[in-house]
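Below you'll find a set of structures to go through.
In what follows, chain A forms one complex with chain B and a second complex with chain C.
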Partner chain A sequence: MSPTAAMLLPMAEDESHFPPDPSLFWQPLVKFGTVDLFGSEMTLAITRPMVILALTVGLLSWWLVATTRKAAIVPSKGQAGTEAVYNFVRNGIARDMIGSRDFLPFVPFLFTMFVLILFNNWMGIIPPVQMPTMGRIGFPIALTLLVYVVYHWIGVKKHGAIGYFKFMLPSGLPGWIKPAILALEMLTFFVTRPLTLALRLFGNMFAGHLLLVVFIIGGWELFLQGGLLSVVSLPAWIMAFAMTVFEALVQFLQAYVFVLLAASYIGGALVDEH
Partner chain B sequence: MQLTASTLTAVPVVTAAGSDDPEATALPILPYLPELIFGLVAFGILYWVVAKYVVPNLEKAYAERTAAIEGGMQQAEKAQEEAEAALREYKAQLAEARDEAARIREEAKEQGASIIAEMREQAQAEANRITESATKQIEAERQQAVVSLRSDVGKLSTDLASKIVGESLEDQTRQSGIVDRFLAELEAGNVRPEVVGSPSDGSAGAEGQGN
Partner chain C sequence: MTGDITLLGYGLAAIGPAIGVGLIFAAYINGVARQPEAQKILQPIAILGFALAEALAIFALVLFFIRL
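Let's turn to the complex of A and B:
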């Protein structure tokens, strides 16, 4: 089985493998054997989502550089398209969430985040790939880790290590409630935020992909049954089409929400007072 | 169909191979470490491209665009200022011209009034002069008439008297003295035009007339 063939046939499933299970997302293309990691066995492999991610990074780099290399006052069509996305992140997300005073240094970070997530999410419905990279939790965790480091870093840089914890506490609280509130705030800052950020993106992409597989492969299974069941495959595929359109929206929305929240965390760490 | 069947059977090879693979049965919520690291690297590469090539170019274009728009606005502002200055100057000139016109009109009015007054004065003076000279002339003529009348009356009286009394009063000196005395008396009112020959004084004459 060549890697290309696997990429071209992401939805293909054996009859015995319906309904689809999470092992659907494990698609190693090249295996290098196994290593021992903290007492448990781990396969070393180049997986299909990794290839898709590399592909999107390459395409995005090429497109972004090609359209902005000769950025002019009067934009070309390509530049106008890139500018529309760039403006959306720069003014619609970064400036609104962080404030016009400090937002500019974070624009490259947020813009990269947005285009990378959006393109990879849409890879879940773009043929022949049809595999959302973010359905593998390693990638959302990687991106969340970056956001996590960035907003804590700038928070500590602005308020100081001790000041950062003091900053978490809203002012004007009675003394006895302060420890409880600090515990809650720390839970929010260090656990809830990264956990929800990563899981929201992962969960949406994972579930969305499973949903599409159910309708598309399910339709195929029905079609193979012959007779009356073959006719039922038609509504299943219509449903699959509707779900694909719906997924396109969800995939955009998740990219937007991820970047919006990242910007809000950064903006929250930069405010002067709670 | 043949193709579909072969491909359908081809895929389970992967999953079948993965069935004894610990990753295939791993919880989907646990990250596959190579993917996590690969994700970090991939993001890093794209971030480097975006931060180094894409964003600076776009921001430069934005700055240039802002500058171009602001430059255009400044130019328009300058033009408007110039136009306003020209209008102000024009209005000032107009007001000045109006003031001058009013001043000239006022001056002309004053001058006219003074000319009229002067002319009136001149006419008055002329009239006065004419009146005076006429009066003088009349007086002179009257004097002349009086003198000539006196000599005529004197001569006539003398002639009349000489004719009446038959006495020739040829002596010029005597004649002149008598006439002069008579005339003086006449002027003094002592002589009344009476019936010649009635010897009476003034009062008697008056009484006689009153009777």
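Let's turn to the complex of A and C:
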């Protein structure tokens, strides 16, 4: 196998991955040694998900530039496809969640997020790669950090630093309950929202990948047993096929949900005073 | 028999979100069946509710792996 192919393909010649465990996702390609960070030893490395992410960014840039460079009023086939995806994010997500008054500045951000997450999720089932980038918690955290900064930034910009906290508090509450509600709202704004946003994407990709590994590698292990167990591998692989189709749906849905929630947080920070 | 009892714990923890997601989509299907033109309005709401209910199951999954 050529070294470039080895960077993308699953590690087929390694020991069996059955039963799968979280170490499945740690696939370093080039190691640079270890550093001591917050008391725990961490390995600096270029990993397979990083290479996949770079690859998807390159492919997405090529796709977008190639289909929109000669943009015309009567679109070509490629341009029409790109516009369909763009319209889905612009009208279906951004305009619905943020409102038609000030959704336009956020459309590029949301569109980039959507295509990047969608393509990276689908890398989990596209044959030569078959590894969801977002199955490593660092990638969803980085994306969530962007959303986190954006919605707090525009919230503070619109309401002012003190007004932002005032805005979290619904009006017309009795005075004695205000501190408790403010504490709850701050927990939602600063902890629960980013935590669930990152963990939802991560958890779905992580669990989905493990599920596919169970059926595909499990079927292979059964096949190797010989005799009656080899026959059982057939239903296992049929199940693997069904699960792959199901995963394609889940992966699309998670990209959609991530961007939908990001848009709703942005829209929530932009609404006028209660 | 050997194994990990937390696996059962996760299975039990997933029941709640499962029922929640089921109820959300049941209500969504009901709404669309009664008023098909409302589908465009109901869909983001249904998906949003589904995502929030599902987050509980995801929390449990992560907690299961943190414990390891």
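Criterion: the second predicted complex is superposed on the first by the 257 of 274 C-alpha atoms of A that agree within 3 Å, B and C clash if a C-alpha of one lies under 4 Å from a C-alpha of the other, contacts with A are read in each partner's own complex, and residues count from 1 in each chain.
As a working rule, a residue touches a chain if its C-beta (ideal position, glycine included) is under 8 Å from a C-beta of that chain, and two chains touch if they have at least 3 such contacts.
All of these numbers come straight from a predicted model, not from anything done at the bench.
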Just to be sure I read the superposition right, which of the two partners does A:22 touch: chain B = first, chain C = second, or both, or neither? both
Between chain B and chain C, more extensive residue contact with chain A: B
With the two structures laid over each other on chain A, which partner does A:118 touch: chain B (first), chain C (second), both, or neither? neither
State whether A:109 touches chain B only (first), chain C only (second), both chains, or neither. first
Contact-wise, after the overlay, does A:200 reach chain B, chain C, both or neither (first, second, both, neither)? second
Looking at A:61, would you say it contacts chain B, chain C, both, or neither? Reply first, second, both or neither. first
Quick one: is A:89 in contact with chain B, with chain C, with both, or with neither? Answer first, second, both or neither. neither
Counting only touches as set out at the top, which of chain B and chain C does A:212 meet: first, second, both, neither? neither
Going through chain A, the residues touched by chain B and also by chain C turn out to be 22, 199, 202, 206
Chain C partner contacts - residues on chain A that touch it in the complex: 22, 92-93, 96-97, 196, 199-200, 202-204, 206-207, 253, 256-257, 260-261, 264
For the complex, which residues does chain A have touching chain B? 1, 5-6, 9, 12-14, 16-17, 22-23, 25-28, 34, 37, 40-47, 49-50, 53-54, 57, 60-61, 64-65, 68-69, 71-73, 75, 79, 82-83, 86, 104, 107-109, 111-113, 115-116, 136-139, 141-143, 145-146, 199, 202, 206
Parts of chain B lying in touch with chain A, wherever the complex brings them together: 7-15, 18-19, 21-40, 42-43, 45-47, 49-51, 53-55, 57-61, 64-65, 68
Touching residues (chain side chain C, partner chain A) in the complex: 44, 47-48, 50-52, 54-55, 57-59, 61-62, 65, 68
